[in-house]
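Presented sequentially are two complexes of chain A, the first with chain B as partner and the second with chain C.
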Partner chain A sequence: MENTYKNPFSEYNANVMDNNMILEYWSNPFSFVEFGLTEKEVFSDPNPIVFMGGRGTGKTMFLRYCSYDVQKKLLSRDHTDTTNKLLNGAGFYIRIDGPILRSFEGFGVSDEKWLVIFTHYFELYIARAYLAYFHSLEKDTKIDVKFTKKFFEDCSALLTGSITSLPDLSEMISFVDSKITEINLFRSQIPLKNIEFESEFIYNSQYLIFGIADVFKKNILEVPEDFKFVLMIDEYENFLELQQRLINTLLKFVKPGITFRLGMRLEGFRTYDTISTDDFIKEGRDYRNIIFEEYLIKSSGYSKYLRDIANKRLSKIECFVQNNLTDIADFLGEKEDLVLEAIEIVGIKHEKIFSHYSIDNKDDKKLLTCIENPLLQVLNCLWFKRGKTSKEINSAMKAYLIGAADPNLSKYKMDYVDKYKLSLMFIIATIYKKDKSYYSFNTFSYLSSGIVGHFIELCRRCFQYAEFENKKTLIESGNIPKHLQSNASRDLAETELQQIRRIEKFGNKLYFFALNLGDTFKRYHRDILIRYPETNQFSVDKTLLTTSTKDAFEAAQRWSIIQRKQKTQQQSIGKKKNDIFILNRVFAPIFQFSYRTRGGFSEEYNSSEITALMEKEGIEFRLEKTRVKQITKNNSQTELGF
Partner chain B sequence: MEIIYKSNVLNENWNNDIEKFDYFLLAVGTDLRAYKSIFVAEQNKIEVDNVVLFNFHERTESIKKRQSIGSENYKNLSYKTKIYNCSLKNPSAALKELDIDIKKDSQIAVDISFFTKPFFFTLLNWLKTVCEIENVTIFYTEPKNYVFNKGLYSEYHSSVGPVSIEEIASFSGNDANKNDSLLIIMLGFDGDLSAELDESVAPKKTILVNGFPSYSPNFKDISLISNEKVVNKGGNKLVFSRSTNPFDTYNLLTSIKDKTEYKDLFINIAPIGTKPMALGVCLFALHNPEIRIIYPVPEKFEDVTSHDSWCTWYYEISLNLNS
Partner chain C sequence: MSNNTRSPKLSLPSEADLINQIRLTSEIVWEKKLDKSHITEWLTNFKGEVFKKSYEDQLALWLLANFVFYNENEVKHLCKMLYSDFIHKLIVEQDVANSIDINYKKILGRSRFYSLGQPGESSSYILYLFRQQNEIPLKKFISRLDNLDQTVDTIIFVDDVTLSTGEKSQAAKYIRQLKENNPSLKTKRILLLTFIATDDAIDYLQSENIEVVTCIILDKRHKCFEEDSMVFSYFNEHLENAKKFATHYGNIVKPANPLGHNDGQFLFGFYYNTPDNTLPIFWAEENNWIPIRKRYHKNYQNKLLNIGKYI
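Right after this comes the complex of A and B.
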């Protein structure tokens, strides 16, 4: 049976999956998460839609799933009768990789010239996608589409000015390929010698993109009235500013029957300008904006969505199917067991908790001790420090444990269950100088921070470590020990943190930003008075940031190092509303902060403070700024030393 | 088509048939390794008409700091030497502005030891395309050891800070009639880079080339451990090529290109492994201009990634397939 084992999560990138794999692993986010638009609108809405989200949020999977190639496979897999039917439209998945896009600048060629060359290239690129689609329709015996003579003549005329020069689709495709070859040759030679780009035909913007679509709709009788060409351009953030201006112009002037869907990172627009100097595109007026991450983070359906994704992958592995292990919770466990984790850390050394809270009286200690649940003992100490007597606390605790009545029971229960339980665990980890563990399906859902790719990577690492440790146990029992899960989450956090430095622009600033924010939040989690429980968010008025800091800040958003909460919040009670940001929770295992975001209190930063946090020296500033001060005898503040 | 090649270790008596060079191109480096080949030439009274030393301003500080271990020893050369100050980051601009007139039939030597890979790729293409040179003698002095700042099995980085994945200037290839891509990665020790490359190109198929036999027996395994994410990804294929022999890499690439299953794919190669392997890639790309070379170009290369020197290799290469 071991022979049928394969890490179910080893395919982690939708970019490199083939169409069959896209279908196999597809989990429909619309079934679980409310996105503010319907699944049907993704295709039918005539206005452009922008899908924003960090790396791994599922944008590519989503766009590729909507593409004609995958939809056609879907129909054939589900045995839907496609005979004589044209779909109501065709989605074209367009991805031009970053290295190509970046090669269209510099080398002594002016921006204006590069714009002409790129426009020509982009027109040809889309034209080729159209022609390949027509070619597949022509070859598909199930679909009854007659490509009329007039169609070929009009297409040929568009491409060459002559109605007869390109008599069929193969010739047209070869022609377009030859024009793309001219551009590629120019791109290869311009770094070595100063030459001019020359071609018999140079196409203007919209000429082929709108022209060929128009010819198709006009000349093919079988095309339904509402047929749409949907151009789905992925990784829009990779397009250079000049290139974005070109495509922004297309967005602004969409024609009936053609529309655009853009997939991009958050803040992936380098510009909102169009080619015309006095015009720009505006959200709402020219396009709809759907921010994947924000919907996923806040949605209660997110964990169900993740479970569906994981379970689909598990069900492809024969040995797991045979052993009835097709739920990810079989492997990771449903939720963490904080009490057990606390007991494992504390052992028999309960006294240590009292010494950290400076509780010396023997009688008090006797009443505040809770052998079976160290979390309660920490809560008892907290209450004691807040002025309750040990007798009152003991009575409330007993009432909670045995289900008796007590005037303080409801508050005690609320503090433990709803308010402080996870914070108490962080305090125990701090007191005993241990790391808190991050494990279970529930924890991984939170850690992934709305980024499906993080969840898949966490699972991939868990399965890899478990396979290495004991493959037989993994296959037969499914259980992945929590220390392996915790190692996986920590290793991913480390990798993600190190990767920040590799970010093309602002890499080092963003690294220090993450480091300083993480250290700040860590400090809150070590406050044994738990005055600001689970603080891992901050507020800032982005409009007040200086240009350079704002650029770096937006890069932090683009790379999902920080994530904006969907609604503005008060920084704390009585303060004005500002945008609230969280540090991506995937970093939590390094800094030992909470894997969830509770809201409530936020650190508040101004522009110079954000700038300082992006510098190495920001660490000193952070210590000064943080509201949780170092412990001193005189002020009896009780944060533990680092 | 496989090539018949000439590759040998240079000894102190200059065991090389070519004893006269019109141009000897090399880069100023952070230790003596940069000049080992030219010093052996000088000691053996090999005729060199022009030495052109590329002096990259990004390295100025670290070269000054490392004077004591010979970083500035090029100043003692007895040959006619032109110091060409330029930027490492922009080989295209540097070569376009290089004011030397290399004749078509010139005898050229290039020591690639201290050129970055993107730079020497473009340099060799420039010699081929602009100067119309057909054959070049390449020298390469191996480092004795690499710098692993955080321990042998943890992390090695040949660059620091941000990287941007770019086409190496003049190696854009031609994807015109190809719908899908093949990515071939020459694996190094820097595992994050291979995953980044894979994601950036989004190929239909990825082939990973591990340097084996490697300089040191454990390097092969360090490389595999560092690159575990791409190595373990379903569908990726792992093959081996000698890490010290560019022609072995060349022949491997030829055999991959000739395979029917890859015929319709746009070939991308990322030479992030050893320099001799990268030289093999460069040669292959010069002979097959339809393939593309991509590279994670860092904002800043590490000043020092290796220690001391080992053997100096020389390779005779033909820049054109039919020459």
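Right after this comes the complex of A and C.
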């Protein structure tokens, strides 16, 4: 049975998956997450839609799944009868590699000329996709589509000006290929030779992209009324500014029956301008913007979506199916057990907690001790420091533990269960100089921070650890020990942190930004008074950032080092609303901060502080400079002043 | 435990870090042929007889982390590289750059491949992979040397490693014997294509009129405990301790060659076998030693071992 084992999470890059794998691993996010649009609208909405998200959020998988090639395979796999039917549209997945896009600039050729050459290239590129699609329809005997003589004549006329020069689709495809080759040859020679681009035909923007679509709809009787060509352009951030202006123009002047879906990183628009100097595209008016991460992070369906992705992969591994281990929680556990984790750290050394809170009195200590749950003992110390008597605390604790009545029970329970439980765990880790562990399906869902790729990578590393440790146990029992899960989450955090330095532009600045933010949040989590529980977010008014800092800040967003919370929030109670950002939670295991994000307090930064955070030295940690007001009886946490 | 343990200033990476490093290598290079239970079992061989048990484990893991394992894909790649180096050598010699295709066919037409050693030895296995990977016609491989075509002027042997010199050179010994049995071989050009060779072995075979084409040349730096050893280039303070440790345990399993055949001191192995020039603490089985990479010895006697298990 061991022979059928393979790490279920070892393949996850949608760029290199073939169409069969896309189908095999596909999990429909619309089934779990509310994106603000329906699955149907992805095809039917005539307005362009922009899908933004960091690396690994599932944009490519999503766009590729919507492409005609994969949809056709899906219908065939599910034995849906496609006889005599055209689908209501055809989606074309378009991804042009960055180096190719970047080769359309420089070498003494003016921007104007490059724009003409790229426009010509892009028209041909899309025309090639259309023609390949028609060709596949023509060959598909199940679909009753009659390509009339007029269709071929009109297509030929569009491409060459003559209605007879290209009599069939194979000829047309060869013609387009030869034109693309002319451009490719020019691109490869221009760095070395002083040459001019020459071609018998040069196509203007929209000429083929809208023209061929129009010919198809006009001349093919079987085309449904609402048929749409959906051009799905991925990695839009790689397009140069001039190239984006060209495509932005297409977005703005989109024609009926043809529309665009763009996949890009956050802040992936280099420009909102169009070719026309006095016009630009605007969200809402010209396109809809769907930010994957923001929807995924906040959605309660996100963890269900992840579970579905994971379980699909597990169900492909025969030995797991045989052992009935096809739920990811069988391997990772559903949720972490904080009490057990605390007991394991504290052992019999309960006294240490008191010494950290400077509680010396024997009687107090006796009343505040809680052997069976060290988290409660820390909470007791915290209450004691906030002015409650040890007797009051002991009574509330006992009431909570045995279910008796007590005037403070409700607050005690709320503080423990709803407010501080995780923070108390961080305090225990701090007091005992241990790292908090990051394990369980629930924790991994949070750690992935809305990035599906992170979740898959966390799982992959866990399974790799477990296989190395004991493959037989993994296959037979499924259980992956929490220390291995924690190692895996830390490994990924380290890898992601180190990779920041490799980012071509602002790499070092972004690295220090992550490091300084992480360090700041770590200190909040080590504050034994828990003045600001689980603080891992900050607010900034981006419009006030200097240009260079803003560029670096946006790069941090583009690379998902920081993530914007979906709605602007008050930085803190009583303060004005601003954009709130979190440090990607995948880094939490390094800095030992919370894997989840709560509302409440945010660090507030101005432009110069953001600039300083991108330097090695960072900025001074504010909480250490604050003074806690004299504690009086009955004052609560919110009454503490600084 | 010895009392004269030196305490190097720079510590080796911790046991946990080394195991983690080996884990990563295990997934990519070892193709999961190595797991923690194997390693833990192997470490039980080291009983703290030279240094503290924990330090011995660290030394053993450091050596294991530096062990170069050639998996199946890499061996196939070596087959391709070797063939390409061989063709390149002959084409360069003939100065035929303008008509490479024709001359390639001519060269191949006059050459035959032959196994270095008896059927069943590693050379036969390598020869099979070599033919497959380079799509060489089957008729270019011969099993007899006594009825060679008159046009054939080059005999090519293929093997995985050639590391020893002099009397210990198995390749030289075998080819010498072949020449005695087949006098026509004396007038042929002899080439040995080998994945890995030492510079000394190449020189020695050259003196025996055997030309060597190889992908990887090993020199003193590749010997684990030489002064310039690459394994200890950073942690050189541990070199003497590691040698002492490997010699002590090597003596338990291979007293004649505690650091490998012909004092090899090498740290590498293939997915199908481990050369005996590699440190025996990795592959030996004598005296209840638990190997981490088993070596399949040649059984030159006519004994059928453990036949009972098949009956």
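In the analysis below, the second predicted complex is superposed on the first by the 618 of 642 C-alpha atoms of A that agree within 3 Å, B and C clash if a C-alpha of one lies under 4 Å from a C-alpha of the other, contacts with A are read in each partner's own complex, and residues count from 1 in each chain.
Throughout what follows, a residue touches a chain if its C-beta (ideal position, glycine included) is under 8 Å from a C-beta of that chain, and two chains touch if they have at least 3 such contacts.
From a predicted model like this one, the values you see are computed outputs, not experimental measurements.
Once chain A of one complex is fitted onto chain A of the other, the partner contacts of A:S548 are absent, as it touches neither chain B nor chain C. In the superposition on chain A, contact is made by A:Y465 with chain C only, not with chain B. Contacts of A:S355 after superposition: neither chain B nor chain C is touched. Contact with chain B, but none with chain C, is seen for A:R95 once the two complexes are overlaid on the shared chain. Number of chain A residues touched is higher for B, counting chain B against chain C. Residue overlap on chain A between the chain B contacts of one complex and the chain C contacts of the other covers 464.
If you check the complex, the residues on chain B that touch chain A are 91-93, 95-96, 122, 125-126, 129-130, 155, 160-167, 169-177, 179, 192, 196, 198-204, 206, 228, 232-235, 289, 292, 294, 299.
The residues of chain A lying in touch with chain C in their complex are 464-465, 467-471, 487.
Residues 20, 23, 26-27, 32, 35-37 of chain C are the ones touching chain A in the complex. Of all residues in chain A, those touching chain B in their complex are 6-7, 10-13, 15-16, 18, 95, 97-100, 102-103, 106-108, 132, 173-174, 177-178, 180-181, 184-185, 187-194, 464, 495, 498-499, 501-508.
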